[in-house]
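Following are the structures in question.
Shared between the two complexes below is chain A, which pairs with chain B and chain C, respectively.
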Partner chain A sequence: MQFDKDKKVFVTGIGIISAIGTNAKETLSSLEHKKHGISQISHIKTIHKDELKVGEIKLTNAEIKERLNLQGDNTYPRTTLLAIHAAKEAYEDAGLKRNDGFKTGVILGTTVGGMDKSEVVYKNIGEDLSFIDSHHCGYTTERVADFLGAHDFVSSLSTACSSGVNAILLGARLIKHGILDRAIVGGTDALSKFTINGFRTLMILHTEHSCPFDKNRKGLNLGEGAGIIVLESEKSLNGKKVYCELTGYANNNDAFHQTASSPDGLGPYLSMKNALEMSGLKPCEIDYINVHGTGTDNNDVTEGLAMIKLFDGKVPKFSSTKAFTGHALGGAGGIESVFSILAIEHDMIFPNLNFKEAIPEINLIPVTETIKNAGVKNVMTNSFGFGGNDSTLIFSKV
Partner chain B sequence: MYINAAIAISPQDTFLKDQIADEVIEHNGIMKTILPDFKEYFKPIDLRRMSRIIKSGTTTALECLKEAGIEKPDAIITGTGLGCLEDTESFLNKMIDNNEGLLTPTAFIQSTHNTIGGHVALTVQCNEYNVAYVHKTISFETALLDAVLMLGEGKAENILVGGIDEMTQENYELKKRVNLWKKEPFSNLNTYKSDSEGCIPGEGATFFNVTKTRKANSYAEIKMVELVHKYENIDDFKKLIENRINNSGITINDIDLVLFGYNGDDNGDAYYDLLKDSIFSKSGHAYYKHLCGEYDTAPAFALWLAVKIFKTGKAPDNIFIKKPEGEIKNILIYNQDINKNHAFMLLSK
Partner chain C sequence: MNNWSIINNVVLSNGKVHINNELKHSIEGDFATVSKELLNTYSKGYGKFFKMDKLSKLGFIASEILLHNNPIPEEDNNEVAFLIGNSEATTYTDIKYHESIANIPSPAVFVYTLPNILIGEICLKNCFRGENLFYISQDFNIDEFWMHITTLLNSSSSKHIIAGWVNFINDEEYLSNIYLFSQGKNQLQLTKENIQSTFIVQ
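Then we have the complex of A and B:
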């Protein structure tokens, strides 16, 4: 085990399922044509059904199982099904084959694991007690590893809403240490009554379609989905197509409050600054930032202030894509990493929907229309979470 | 990587202690942790608001920093199997019982798996790397491996690493139904005497300070952290583990004591025998789960025990299956979950 900080980590496969598409192609089309996925709740039985809007994937669990040929198995939570769906796409996209001699691992992030299933059967326990096992955050990762036959390193982490990004970060580090040649990494979370009610008690859910970075933003729409990518070292590439390189990453803590960001966004500033330093890029070389941009009062101001400080007032083009998908919690970092990779691959910057007027304290205007031929070479993406957890990734064109 | 401080709250009297008493504290049913007086660590409002696991985790973390003589670590890495279970259950139960009405945010906020890591960061104002691993029985070992990686990257000099899990009555009753726990309340003094399914549930909060360089107060050196999700062929697995140990700077024959994660569950214990009676047959053998019970981050307690054996030069007699002759200088900790998630931690005095 020898750490090689200069060892390059490439993205060779992407997989995504969210409210705006069940694969990368559909997702790109929705982003490009401003087709959002925010709607009323249809799959979850909740009394808040009519007063909230969410980014829900319209496929039922049974339909996802059918797509994955998992008909015989009834025990998977939706969080697991979404992860397998996205992981399968990424795996096939990267052209991977089982047992090809390269060390391949799976690391996933999630916030509440199999809660979507636990909460339904918890007080109504019949013969099916499989939720006890599937409740664990590690359950999904093991099912994905089994589905793909990738067992050289299997683990899971949870840093609330930045979970997906931190899974990608660990995968890259394991490659640089030579523990893995290849890592299948990302995040997954299904909508659940637990998180809907949790966020509702925090009073940060918008009852209408969210409007990140807008003066009149009133909170977030929850969402669901999984974004999973394949990271590889040069060793296993064999001349295959490479999307981009992961050139920077950082994880910092705001150390201010369990749920609120510090007034000046210290944690976000540090994670962006450290990721930028690692990439060796100059601030002006960042062409696009896919911001965390939840649309809450607190997040957008503090993230904005942190960007202004880091870029010395010259903030690059940026957008929050959460008005497309809703906030998919542990899935968000994976989903938005895929968006960032698509931005480089198709040289496009995606719009921040529903923006009308800048927030006075920061006066920042996001990209509001799709920009094509945008000259996108380096993309930064942010994910921040409860517990003060702030993480940033930078993807660069090869 | 060196360990300079180790603090444990466990079902034994271990908090701020250097040794396990010869007389094992008996528990029937859940092996609950013996808690210190939290008053000197928390404000009254936090005492009321925070769950046992948050208080235990934060307290062990802060005492660990104190023992190491460090105000602020360069990273905080935690492992937890089920996270803040009491808060999770509390919010879930209220949500279901009140049909989603009358809910307050505290339990929800505190239910996330990274609550303790975040709270420790907040308390000591640490803005650095912070992550929580949540992969069942390897949650703590993944955290420790991350610390090894981080020190290897030169990004940190000293790191706080911890394993925290709590057991609730509700979870105990639930898991009894799938034979994870013994059906009847079972004394921990008889942990290994059963010939039945299930084990005895425990809990604990254990934190360590690790550094890249050796300090005057270093008790142990971590030589290897190895995770094997599963294996197909037992002979290949034995060879792999033997090779990894032999590449760590000592040889398999130098291991004086192996601390096995035997927990009295017929379904899992036989898998320890496979290595105990083969590649580790020449070493001394010990177990520890009669002291702490079974929980996802129990290996963190085993590491605490190993560190204290080095520090004091003494080991309680009740842990030995086969006592080694002479001084114990190298200890291997081996845990697995019914032939999955095999985890090894090798340390030297």
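Then we have the complex of A and C:
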């Protein structure tokens, strides 16, 4: 194992499924044209159906299975189906082939695992025990690895809402160590009663469409989806198309509260600062930040304060895209990494929906209309999770 | 790598505490009794302990023992990293939470359905702000563990690492086996073999 800190890590494939599209092309079109995916819940039987809005993927499990040619197999929970859907797109997009001699691994983040299935089947325990096998967080990663035939390294991360970003971080690190030549990485989570009830009791769910970074924000909308990317070292590139380079990453703990950020956003500040240092970029070279921006009272103000501190008041253009997709928890980091890559690829900055008035404490105004030809070379994306787990990635145009 | 040492190792399982392979405590009773007694010895009066789930309690109390005679200098707080794994994630608490949905679901239980919350608890107590990684694997595997350690050491600015395996299955079956690794030379160098020789799986 030879660590080479200067070894470059490139993005060569992207795959995404969320409330605003079932592939990268649909997703880009929705982002560009401000078409959000927030609606009432239709797939989950819950008494909170009429009082909540979520970012739900309208395809049923059966429809996703059909798209993936997985008929006949009924054991996959939705989290797994979403991940396979996005991974397949990323794999094909990168033009990968099985057994081509390059060490290929799969690392995914998830928070809910197969809960969407377990919580339904659990009541009739004894009839169908297949949910036991698919319940754990590693199940999805294993099925994706099987589907793609990529078994050189398979691991799952569960660090709350930053899981997806941390999976990308780990993949990059394994490539820099020569343990892998390429890594299929990202995050996935399906909506479940478990998470809906959990976030509802935390009282951070907005009953209407969320409005991140707005003075009158009242909480988040939950979402679901998967965002998966292919990372490759120079070795396996072979002249193929490269989207961008992953130039910086960092993870820090906020050490303040399990479900709230510290008043001055120290953890978010540290992860952004450390990722920036790793990238070797100057603060003024960041062209766009896809913020965590959940739309909760606490997140947006503290993330804003951390950005003001890091950029010395000159905060780059930024937006939260969570009002498009809802907060897909473990999937969010993967989804928003794909958005960041699309921003570089199409030289576009995506709007922050529903913003009307700046938060007085920070007075920051996000981008509210799509900006084309925006000169996007370096994009920062943040994902912060419960447990004070704060992560930042930086993607750069090659 | 040559510049890192194994400072301390704590194993808490089945009412027994081993520090560096030496039996220090042997407590009769279920996990609640064991953890409460250890709390009184190592971290008396830490009120937040009582709201934690059992997985967090298990990891937290082991960390208090781990750091008891080896406090980390405050100026290093931003460079204390975590690397913790287990096989059960938070299944024990997931079931508790799932059952509570039928009545009034508790936010205080819900947060503990995330395994990295355990790392968060240790960070909260000690103001540690370094990198966190929680991984889930079928069994403790030294090669996997070592791979995570080396990649972490090589590519971050950490000065200390709290690493190991914290698994809570039920009141009788639980294991916390955690290490403190620090930069600097000590009697025991940080190597895969030295971890292997001290790691007890029960």
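Heads up, the rule we're going with is that the second predicted complex is superposed on the first by the 397 of 398 C-alpha atoms of A that agree within 3 Å, B and C clash if a C-alpha of one lies under 4 Å from a C-alpha of the other, contacts with A are read in each partner's own complex, and residues count from 1 in each chain.
In this section, a residue touches a chain if its C-beta (ideal position, glycine included) is under 8 Å from a C-beta of that chain, and two chains touch if they have at least 3 such contacts.
Since the structure is predicted, the reported quantities are computational estimates derived from the model, not experimental observations.
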item: Simultaneous placement of chain C and chain B on chain A, clash or fit; value: clash
item: Partner chain(s) touched by A:Ser156 [first = chain B, second = chain C, both, neither]; value: both
item: First (chain B), second (chain C), both or neither touched by A:Ala90; value: neither
item: Which of chain B and chain C A:Ala145 touches, first, second, both or neither; value: first
item: Touching partner for A:Leu129 - first (chain B), second (chain C), both, neither; value: first
item: Partner chain in contact with A:Ala306 - chain B first, chain C second, else both or neither; value: neither
item: Overlapping segment of chain B (options 170-178, 188-196 or 206-214) - the one that collides with chain C in the superposed model; value: 206-214
item: Chain A positions touched by chain B in one structure and by chain C in the second; value: 1, 3, 5, 111, 113, 119, 122, 135-138, 155-160, 166, 170, 173-174, 176-177, 193-194, 197-198, 200-202, 251-259, 266-267, 270, 385-389
item: Contact set on chain A toward chain C in their complex; value: 1, 3, 5, 111, 113, 115, 119, 122, 135-138, 155-160, 166, 170, 173-174, 176-177, 179, 193-194, 197-203, 250-259, 266-267, 270, 274, 385-389
item: Contacting residues of chain B [partner chain A, same complex]; value: 76, 81-83, 91-92, 95-97, 99-101, 103-105, 108-115, 117-119, 121-122, 125-136, 138-139, 142, 146, 149, 152-153, 174-175, 177-178, 180, 227, 229-230, 340-341
item: Complex interface listing, chain A residues touching chain B; value: 1, 3, 5, 46-48, 110-111, 113, 118-119, 122-123, 125, 129, 132-133, 135-138, 141-142, 145, 151-160, 166, 170, 173-174, 176-177, 193-194, 197-198, 200-202, 251-259, 266-267, 270, 385-389
item: Chain A contact footprint on chain C (complex, rising order); value: 77-78, 82, 89, 91, 94, 97-98, 101, 104-107, 110-111, 113-121, 123-124, 126-138, 144, 147, 150-151, 154-155, 157
